[in-house]
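By letter and in written order, the chains are A, B, C, D and E; residue numbering begins at 1 in each of them.
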Amino acid sequence: MTDHASGLDAGAAGSAAPALEVRDLSLRIGGAQILQDVSFAVPAGQIVGVIGPNGAGKTTLFNLVSGVMAPTTGRILLDGVDITGRSVTQRATAGLGRTFQTSSLFPRLPVEENVRLAAQVKEGRALSLAAFPRRGDTASRRALELLEEVGLGHRLGRMAGDLPHGDKRKLEIAMLLATDPSVVLLDEPMAGVASGDVDGLTEVIRSLHRDHGRTVLMVEHHMEVLLGLVERVAVLHFGNLLTIDTPEAVMADPTVQSAYLGETV
Amino acid sequence: APSDSGSSGSGDEPEGGATTEEAAADESGGDPVQVGIIYSETGPLAAYGKQYKEGLEAGLDYATDGTGEVDGRPVELVYRDDAGNPDTAVAAAKDLIGQDFKILGGTVVSGIALAMAEQAAQNEVLYISGPAAADAVTGINEFTFRSGRQSLQDVATAGAMLEDEGGKVVVLAQDNAFGQGNLAAVEAVLGGEGAEVDSVLVPEDATEFTGFARQVIDADPDLIFVAWAGATAGNMWQSLDQQDVFDAAPVVTGLADSATFSAYGPIGERISFLSHYFPEAADNEVNQALVDHVNEAGGTPDLFTPDGFVAGQMIVQAVAEGGDDVNAMIDALEGWEFEGPKGTTSIRESDHALIQPMFTATLVQDGDGWVPELGETVPADQVAPPEASGR
Amino acid sequence: MTGPTPSTRHRPALTRLLLPLGLVVLLACLPLLDISVPGVLPGATYTPGTLHLLALAWVMAAVALSYHLLFGVAGLLSFGHALYFGLGAYGLGIVMRELELGLVPAALVTLLVAAVMSAVLGAVSLRVTGIPFAMVTLAFAQAGYVWVRRDPERVTGGEEGLRLPTEHVPDALVGVADTRNLYWLALAVLVLAYLLTAWVQNSRAGHVAEAVRENELRVRVLGMRPFMVKFAIFVSASVIASMVGMVHLLLNSGAVPTVLSAEFTISLLLMVVLGGVGSRWGAVAGAILYVLLNQRLTVLSQAGWVDDLPVVLRIPLSEPLFILGTLFVLVVLFLPGGLAGTVARIAAPRRERARRDDAPPQPRPDDRTEDAGADDPERLGVR
Amino acid sequence: MSTVVLLLVTGVGLGAIYFLVSSGLSLIYGLMGVLNFAHGVFLTFGAFMGWEVAARMGATSWPGFVLSLLVGALAGAVFAALTERFLVQRLYERHIEQVLITVGLALAVVALFDGIWGTDPRFISGPAWMARTTTIAGANVPNDRFVAIAVAAVVLVALVLFLQRTRYGMIIRAGVENRSMVTALGIDVRTAFTLIFTIGGAVAGMGGVLASHYFGYVSPVLGQTLLIFAFIVTVIGGLGSLTGAAIASVLVAVLQQFANYYWGYGDFAVVVLLAVVVLTRPSGLLGKKVAA
Amino acid sequence: MTSRTFSSSAAEASSPADGSTAPAPVLVVRDLAAHVAGQQVVEHVDLEVAATGVTALLGRNGVGKTSTIKAVMGLIGRSGTIELDGEDISTLPTFKVASRGVAYVPEDREVFSGLTVAENLRLAERRGGPHRYDLVYELFPELRERGNQAAGTLSGGQQQMVSLARALLNENRVLLIDEPTKGLAPRLVTDVAHALARAAEVAPVLLVEQNLHVVRDLAHHVVVLTDGRSVHHGDAAAFLDDPVATQRLLGVHGGPAAGAA
């Protein structure tokens, strides 16, 4: 598992290329400019936070990168390979994983099955008519492991749609981990998670990056969590990238303070 | 229980020499003869089914002189509903044949009649088809007979109305089996007599007929033959009227059952009808018996009552002459000539066509409603269909 | 509502294997036994009438299973499944007659045609989802229905239907005396359909299909192509339906246009719902129930005592479809999950739902086929 | 030329009938997400009740005709309201089950009509003027077409006004999306839903009476025959768009007229049109993306 | 982040309550049980919402906070006593509960995504009574600008604003608010907390909130749930300052410094 590069094209030998790069990304819907010339690069293995006021375009940025929406102009590169024209599925198989701001699950399938489905993608032949999921096969074992890890070990048989809100967030993370992506987009993973569970989940995310060497881009309004995790912070504001810098520098920036943090210290 | 002597004790004369078979029947111990009748009790043609059934019971009653028995063996009618669906009918047929029924009868639906004919041939039982008009039933196989008329006879009746030779006949028909059958019949009968035949075929699902009415006029006909079945008739006639088709040429069509008489409204007076049957059309004893029987049983004689009635007569004939042997039954029916409600009727030996007289009629107002008035009776041989070559 | 979940999980191997096997053996022996079930079957089990009815039930159960694959597993509400059933029935008859092929080669040709046709039409209809998908499939089937009924090529027999070209069929499958052979054929096709359905459903693709039904975008984000799965299910279900249609042709010695009608598809829908959406054996049970009820209610409607009832009772009781329709409504209202759901509920009483009129469970975030929005990134992504 | 005019005008007339069926369907389907298979039953019931009035009062007089229209509308409305209250309402937010229940209802009630009124068509005729024709550009156009067109136009305007001038359209759209949240805002969404069904049923009932005059008869399957076209119209027009339904009604009917006349395959042509529209514009001609 | 911004308003709001005889609570819930899909999700909850100020409902994920609020609204099956100003509302249908002046801000925002922002608000206008668009637009000026945008295309935070605005628009007797600050940017959290403090001056609030800073600054009373039961009632500040209690009931270390950035 540690060999995250195995998930990528073996041909992409240029390890110098950043894991994820966006160039001049713009999106217009109707008359509204949702994103404007956003460019940045995330080196492999780095963990970067994205902040910005509500409606700044953070989720939209994730949608463009993951292929759920198409940009008006601009390019997206994964490990140096241009993926702008690729489908959602292709990007996912290339090693890009994401979570959703509003949990996106298979509501009427059991929790375990939600994760198992994700885990079997990793094994290849996920759509095979000739392979049969079995209790105790690799994917199922992996699913159990991950569910334990995020703290849902006691909810295996429950329908995902019936979970309380916070548990849905945890399930999202487990599904993401199951696909073993090399680049991870997390959209507000902490929203709705009980304060008592925040630390545990923070650890899960930290290990994503630290133990597995994955590249992580995360949107989070929970500043304590974010600042404790990330190496750099990107700030979006009205669709523009204001800055991308170390947490200290960003927090010191007066624009960020007034636009985002409000009248706190 | 063995048959009581009551039946033979009834003083009336049994029909056609059944007495000679008495001994044979007694041997079989007076077992009931079971006859399976598969017809539309429900489904789109349930109304026709009802007429058929009433006629059948009357016919059986008449042919057995009210005893319901042939040679001391009660004839037991076992009814099955086909609901207008061939699959249902086939299932019922299989069930009955499996129970060793040797005689099946019924159906007003041509598709069912054809499927039943198939079953009859496969399993070598006698099948007497009901009012289903498809010409294809005639001569389809040796096991299949019919107790009603067929499209060719309708058309031949219309031909009797075509005053003189030549001329152009336009057929306005629905584009379905019934309509196409009629068109083919017109081409065969009237075309054969030298008429030019043209057609306007209307999709069965059409709900708007004004355009087709124009097509009929544009074809410049000398005679218009309309073959139409089903609920859209009223609308179609109105469209013909509105587009002044009646001014273009005489219009001939088949007279359906009494429920439709009022559908024509005043237009009815302008149409020349050919008729299979209406109760007042035939003036003979058998018809009188039919009307009496049906009325007594609380029914009303109508278009397809004689088809049932004749079926009853044919069943009795088949049993009386053939006992339980299907081939003997066939022999007994082939070439049989008898007095039916429409007059003298015969079963053609070669193809089992039922040769019978036909009628022409007009509709006249009678109080609030409309009633048919007999034009002429067309003799059976004049409207006999060309012989089917068999399969 | 909550359809039973993929049942890869624990059930003692004994019951899992032996019970169905025993059942099949028992059913296979029926033609040799003299069992009467008054009120349910028209006669003893060896009689051709009863065998025909049971064979019809097996055939309908088999095609209901293929519909279960579409609707229950993949959530594809098709109003045109009858097309493929009819394709099998008509195709076999036409191929045998026109190409003068024997039964087996003709059946293979027909299956091939069905596979190609379902692949082409499936590829087109799967471009849309939800109600539009239902309508496109309806449109295609309706076109097939119109074609068969109008018969412009003079091959289908039009409204009167196609008759089985018996000269190409082995004698053992023709005639009432051989009904038991047809019975065994029907039973075999049911078992085969069940195994195929179980196979597809239990495969990885089958599991993914259920996920696609729930949340298509999520499946894509996980790196799988929903289209491929839906396509595979669509073609499998269609080919199974064609296979069953062929047996239907033999069983009824013919085919009529109604097998392609929307009503036929709706009756499949009714069977699957009666049995319980999502459950394999539910589909089978639903179909059998439907066929038997249909037959029995017709008999009931003709029973003499019904005629003597007062009008308010007589009219409803003499209309089999009224009773069937009402029953269906009641099942949907009071037995969510159909037969299978009810059995499961009785087995596990804690799942009992106490529903209050004004307080339904929390709104389901999405509905099985109403996933039109799932394809709409603008709505889904930004939420 | 006169043939083209005739086909065109009678096509619009047929379109008016289609619209009367499909507008209610579109309202219910587009706003409430219920694909209402029982809509044809509302129509048939309206037609039969209208026929009953006509049989007693005579619809050959104008007052009798108008009364039968009103009674038909009332019958359709009551039937629809009861259906909504006792069946559909219990299954809110379970669209598939709602569809299923209307399928079952349609099955049962058509059979019931069979039992009550028999399978034979019941013939009906209206005021004498309606059976006469008016000549337009050489074409003899039957007058009842104009009545149908006029009623359909009035219904269209009335429905559009209703949706624009009242909060109901909004309530229903929101209620379909998330019923419990609407109730949590203090709105009795059940009444609103019942109202929509009732309106749809009333229009269908009226359409039933007009259709029975158009076809010249009433039979238990009258509504079901029209329903399939109404479905097609609804999808082509776009879910929930009344104007779309109106345009699609006319389009479908006129296409059907011409295709039947010149080619003989009118129903085929309609199916092809449907397939083309769904594949090129899945949300229909005027359809917005209606929330699931 | 500090609390001074809105602690003052909380104090104001609380002062009458702390004074002489405490007025009767607006909402009294006794022995509440609730079930979803046949499953008991709330077993035994007692709580009171004081006549003024904010009462917080706390607990870990899945203990039944949301279910409790839904049960009060009548959105899920329930039994027990629920009294609003002395009137039993436990058998009323949801829309009647709401029209008696109970406003509800759901956990998942639940904006009507097919409707525009303006339509969402118009739909929320309760009959009779004034509609305080001024207050709403002052708090969330963005909603005015985006009046014609379909609510489904709003960002998460913007949807949260719509959801809150729908409740604040009317004159209420009590507000039930489920995680209002979830997904909001820090600055907006401040604003919303401020708004809630203002709203609580007029009508009391029952608040579910995971952000303990907000709880600390707004709430006077807390009710804590575990496993569908209410296990702790008491003063908010006292509870949050008790590290043993917060550790046991919420799994966090209490105290003023809890989680401070």
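Brief remarks on what is shown
Quick note on the criterion: a residue touches a chain if its C-beta (ideal position, glycine included) is under 8 Å from a C-beta of that chain, and two chains touch if they have at least 3 such contacts.
The structure presented is a predicted model; accordingly, all values stated were derived computationally and were not measured.
Graph distance from subunit A to subunit B, where chains that touch are one step apart, equals 2.
Each chain gets a centre from its C-alpha atoms; the one nearest the centre of all protein C-alpha atoms is C.
The pair with more inter-chain C-beta contacts, choosing from B-D and D-E, is B-D.
Taking the mean Cα position of each chain as its centre, E sits at the greatest distance from subunit C. Distance from the subunit B centre to the subunit E centre is 80 Å, each centre being the mean of its Cα atoms. Chain centres here are Cα means. That of subunit C falls 50 Å from that of subunit E. For the pair subunit A and subunit E, the distance between C-alpha centroids works out to 30 Å. Listed for subunit E are residues 36-37, 75, 93-94, 113, 152-156, each touching two or more other chains.
Residue positions 29, 59-60, 101-102 of subunit A each touch two or more of the other chains. Residue positions of subunit C touching 2 or more other chains, listed in rising order: 2, 150, 319-320, 358, 362, 364, 366, 378-379, 382-383. Residues of subunit A that touch subunit C in their complex: 29, 59-60, 62-63, 66, 68-69, 87-89, 92-93, 97-98, 100-102, 104-110, 113, 116-118, 120-121, 125-135, 159, 161, 175, 179. On the subunit E side of its complex with subunit A, the touching residues are 1-2, 5, 36-37, 59-62, 66, 107-108, 142, 153-158, 160-161, 179, 182-191, 210-212, 250-252, 259-261. Residue ranges on subunit C touching subunit A, taken from their complex, read 2-3, 5-6, 8-10, 199-200, 202-208, 210-211, 214-215, 217-225, 228-229, 232, 236, 364-366, 377-378, 380-383.
Across the complex, subunit D meets subunit B through its residues 2-3, 6-7, 10-11, 13-14, 114, 118-121, 123, 125, 131-133, 140-142, 214-217, 219, 225, 256-257, 260-261, 264-267.
The residues of subunit C lying in touch with subunit D in their complex are 1, 77, 124, 127-128, 130-132, 134-136, 138-140, 142-143, 146-147, 150, 262, 266, 269-270, 273, 315-316, 318-329, 332-333, 336, 357-358, 360, 362-364, 366-373, 376, 379.
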